[in-house]
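Shared chain: chain A. Partners: chain B in the first complex, chain C in the second.
Right after this comes the complex of A and B.
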């Protein structure tokens, strides 16, 4: 991949993050959504029957999935106003860098939500997530890459359909299954204090998913552009 | 990379053939299904342990194999469409996806009907059941996507992308749910060693599979004709 692809991608990511930083609308709603989800899930189970430590991994990954969708919906949605996407497409840069730039910005968005949600789960559920901060960060990052790779591509497709943002969850959620299952299982093993060996299989699955879908979605992206 | 859109012709010029008269392939396929069912019901022995419930297996497995075949066709036709930009391949993908969803629905209905008496539960989160359920979700999503795009060329390209990604997803869903313990019967027919099914049961299964495959081809052919006529109509209406 040419260095210009990467530098153009970083420029696009910076543009998106600058918009997000100045308005902060999507991030605040995603962060509040995550906190609300954490609180509501706690009351959806009987805490005397299900220990919070058993509940926390599922809640954490359920929340990341849905709050991630909030950010992904905006990703190509913001380019629809005044057909801003046309100037991006007209720019003398490879199509792949538009996808990678959007994906990098979305990754920053999801990671930022994780940075708020993980301490919140530790606080509200009383589980020692931050004691395993290093390993948890690896799981969270690998899973976030997978979610974002697929979600960014589907976001680009969904905005050009009649259903628009309604379509994104329908398309994305089946693809999130092989990300959420390993991530939640690995987090659960981590919290249960299991040996690291038990995590390796799940982490390998996440890495394989990331490699396959980052490559496939980057290749597929040029076909999703409406001229 | 060159703009892939420019490689996509608006419509292929060849007008689709008229679908008038009797569809002999469809008739043969229906008769084959009837014959296979007759053999299943009257000429195949009961399984010793499971009794009559086991006979649903002769519908369940062929339907599952045809569904996999259908989704394979969706992915291959999608690759072909992105490569050649031929709308005929997109119509093939569209037809195959729809028929595949029907066969997956058959699998999801016959499975629980068998599982209730044999396993004692309608549903369980077994690896293969979960995979089948997600196959159904992916390709129902595929059909929803198709319905949500008016532009014919764009619909074809997006569907191809989703069809290809869907086929890449299947091994990952399989692996991630397989790491949960599985309750589904071990493979008894499609496995490295010889099938461990009594000969008369295996014959019934093969007959049933051939009948289902014929039925799949006949349905896709019908559906393809419909898609071709619709494309022609849209072209004439100048949409």
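Right after this comes the complex of A and C.
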């Protein structure tokens, strides 16, 4: 009996993570990109004009957004080299499980990059990110789910085009905005020491976008891979 | 096991396959020949449920195309691309397929499939380090690990050395004896006819000749093929 949607998704996610763990190409590229971005922003920053708590959330979410794209680019790229995607499409599993498997692997990838970038931002900008580790982890995870949900779908759409590397950011970035804005706002309020009530509204917005994006992208995915 | 009726596929204004009618029973092997761009791969992808037909109808393993999970469970598809992950080992690739097809004891069955292709000793080698011929054999193990009732092969002999060709030929003969229905697309007429119960020539999206059983004469078939393809008989 063929595996259920979730079992098949976990098999695909484990396969993608095993490939990334052995090659490490996308993760190292994204991690180095994130660190370089943080360093460049640091040297361009005038601490007498802008307080670190005002700058850090923007840096953090800008870096997450663009470094995440590097992993998303590779997500369906690894399926194209020898048409391995056909082995997934030819298996008796729901098409949605391919999307969910890819999304789970991409989520692990983005979270891993966040685990490197957050301490680096604290180190360079002196902001107390790790003091709010629990709340920040919730914000980061909710935002990562939204980014990955949209990015995985567009990665599948873009991979068969000649301009895949250019098309993915062009398609994805407008849809990242509704996720990045509440994430950055919630982070800014967290760092400014604002009351928790002020964060809750932004977190609710993030959860709403996550639900909409995950549901809509899961349902849309089978149509993006039909020939 | 495979029955098509005026099956066709258009890509925009271009017709890749048209009016293909074939009928194959259990244990039948159709060797399909034709020049590049004749529509052979498009036909196979439709039969595999990877491509939706735009004209006609077909059933594969008693399931109407384009089918779904049930159809895909009955099919093993081997393309000229290896459909493997280079960073994973041969065993991991075949085992992943076994798990996705719901095979019981996936690791054991994966090892058996590799053994049939004489690759047991290379099971733990990453696929990217294997030769093209070995990759093709792993690909065949991947496609047949779930013991499908229909196997669709797109140029499976490409890149194989003598030993690989012999192992593949023996394995396909075994599948045929077990009642597996196969469609074999190949440019190698001798290898194709050695297994075939039916032979067909495809040109410009159409089947221009179909023979079966004793009507297939390997000694003259190359001439027949050239006549149909080169001179458009």
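The rule is simple: the second predicted complex is superposed on the first by the 222 of 227 C-alpha atoms of A that agree within 3 Å, B and C clash if a C-alpha of one lies under 4 Å from a C-alpha of the other, contacts with A are read in each partner's own complex, and residues count from 1 in each chain.
FYI, a residue touches a chain if its C-beta (ideal position, glycine included) is under 8 Å from a C-beta of that chain, and two chains touch if they have at least 3 such contacts.
This structure is a prediction, so every number in the text was calculated from the model and none was measured.
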With both complexes superposed on chain A, which partner does A:50 reach: first (chain B), second (chain C), both or neither?
neither
Looking at A:94, would you say it contacts chain B, chain C, both, or neither? Reply first, second, both or neither.
both
For A:213 in the superposed arrangement: first (chain B), second (chain C), both or neither?
first
Of the partners chain B and chain C, which touch A:115 in the superposed model: first, second, both, neither?
neither
Which of the two partners, first being chain B and second being chain C, lies in contact with A:11: first, second, both, or neither?
second
So, A:130: does it touch chain B (first), chain C (second), both, or neither?
neither
Examine A:84 and indicate which partner it touches, taking first as chain B and second as chain C; both and neither are also allowed.
second
One more residue to check, A:150. First (chain B), second (chain C), both or neither?
first
State whether A:192 touches chain B only (first), chain C only (second), both chains, or neither.
neither
So which positions on chain A get touched by both chain B and chain C?
94, 226-227
Can you list the chain C residues touching chain A in their complex?
45, 48-52, 69-70, 72-73, 75, 77, 79, 81-88, 92, 96-97, 99-102, 126, 142
How about chain A: which of its residues touch chain C in the complex?
1-3, 8, 11, 15, 18-19, 22-23, 78, 81-84, 86-94, 226-227
Would you mind writing out the residues of chain A in touch with chain B in their complex?
94-96, 150, 153, 157, 160-163, 167, 170-171, 173-175, 177-178, 181-182, 185, 201-202, 205, 208-209, 212-213, 216-217, 220, 222-227
Residue positions on chain B within touch of chain A in the complex are 1, 3-5, 82, 134, 137-138, 141, 144-145, 148-151, 154, 157-158, 160-162, 164-165, 168-169, 172-173, 175-177, 179
